[in-house]
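Below you will find the structure I want to go over with you.
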Amino acid sequence: MKKLKELNVHYYAVLREMTGKSEEDIESFAATPGELYKDLAGKYGFPLNSRGIRVSINEEFQGMDATLCSGDCVVFITPVAGG
Amino acid sequence: MKKLKELNVHYYAVLREMTGKSEEDIESFAATPGELYKDLAGKYGFPLNSRGIRVSINEEFQGMDATLCSGDCVVFITPVAGG
Amino acid sequence: MFRVSNVPIDTDLLSKQLINSSAGAFVCFEGRVRNHNEGSEVASLEYEVYEGLAAKEALRIVEEAKEKFDILDVVGAHRQGHLEIGDIAVWIGVIASHRGPAFSACRYVIDEIKHRLPVWKKEHYKDKAPRWVSCHEGEGHEIR
Amino acid sequence: MFRVSNVPIDTDLLSKQLINSSAGAFVCFEGRVRNHNEGSEVASLEYEVYEGLAAKEALRIVEEAKEKFDILDVVGAHRQGHLEIGDIAVWIGVIASHRGPAFSACRYVIDEIKHRLPVWKKEHYKDKAPRWVSCHEGEGHEIR
């Protein structure tokens, strides 16, 4: 049975503009960042295909299939620009 | 028959130290920088083998077999160091 | 040392951290806001940085460079916020005994930074709506 | 622009000549006097330059770089005279739209300068007699 987690999600750049916020606390049953992304894509109209999008959990890059825990700070990293 | 030329020869770095002067006017029958070099090597004890030594005539790199003319400013360029 | 900065990058200050009497070579790269990109006239730029992760990832890149190349030190900085044409967006300085490793390491660090740091760039144009761009030029990574 | 200088190289002044709103990349190389060479402790250096020919040859190298690489401009300077540890012996700055050509051109210019410019270097050591050295490290080009 999936467990409800409390997650803190931060948004940057295009995702920040699409959600209209820099961060939010979310209660979610998502087990992985991949599942969480799908939920958010449905809610905010993010692109359904997450290819090229990376995820960071607590300031470390992780796989889209990593395990989410309550209290995690999650950031989806759309393709970057650098200098 | 070889013609006597008036040449102005400048010395830099190790050659300046070996000759004890920065420049001199020379009257020479040398037809080419190669011939001139041999004369100077005999006079000042420059290395007899001129491999790796280049020559400039009037501020342009030239071959050791270029033609010397009266009034030419000749500089032998020993291996360089740069920055 | 790598920092994310809200204020103009002081290249003199950064350079001063790269003084070492064993250093025969100093190579630096400065990324500046240019007035054009992919055929469009750029008016200004906005950099958004996920600071915590960017700082960690930059230090990781610097450590990689020190392992891969025979260098003495690396210092860098990346701007965030609104930048005008000519402003410095990113600065990387490397010192080494010899120039070969200094060039290679500087190139390595800026290439990795462009691909790995969580930094986003919004271009404001003279004649059309602004747009978030990625460094993967021509690869169509735009989201909208 | 390339100059042979009897006084310390003012890198700020040189950099200011490389301001161009089309430039997205600035790469510079600074050759500094280091405290060691081929296992010996260096105390100071003396650079002797055949100025007329050096200036001409440097401009030729700069023109070659502009032909070979997609860059906007190159500025450089080379010191002559007596230099202490840490002093700048040579400085090359390049601007371009993109960083690839800027790095390549900067590397090209300094490599060619080291091999082609009539510049000689006498190293003064802490514990032995001074010696004229060439850039062809380890190739035994010494005359004495």
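Think of it as A, B, C and D in the order they're written, each chain with its own count starting at 1.
Following the convention adopted for this analysis, contacts are C-beta pairs under 8 Å (C-beta built on N, C-alpha and C of every residue); 3 or more make two chains touch, one makes a residue touch a chain.
All of these numbers come straight from a predicted model, not from anything done at the bench.
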item	value
Partner chains shared by chain B and chain D (touch criterion as defined above)	none
Chain B-chain C separation of Cα centroids, rounded to whole Å	50
Intercentroid distance (Cα basis), chain C paired with chain A, Å	26
Multi-partner residues of chain B (each touching 2 or more other chains)	none
Set of chain D residues in contact with two or more other chains	31, 110
Pairwise chain contacts, counting only pairs that touch as defined	A-C, B-D, C-D
For the chain D and chain C complex, residues of the former touching the latter	12, 19, 21-36, 85-86, 97, 99, 102-103, 106-107, 110
List of chain D residues in touch with chain B within their complex	31, 47-48, 50, 52-53, 56-57, 78, 89-90, 110, 113-122, 132-136, 141, 143-144
Interface residues, chain B side, partner chain D - complex	10, 12-14, 16, 46-47, 52, 56, 59-61, 75, 77-83
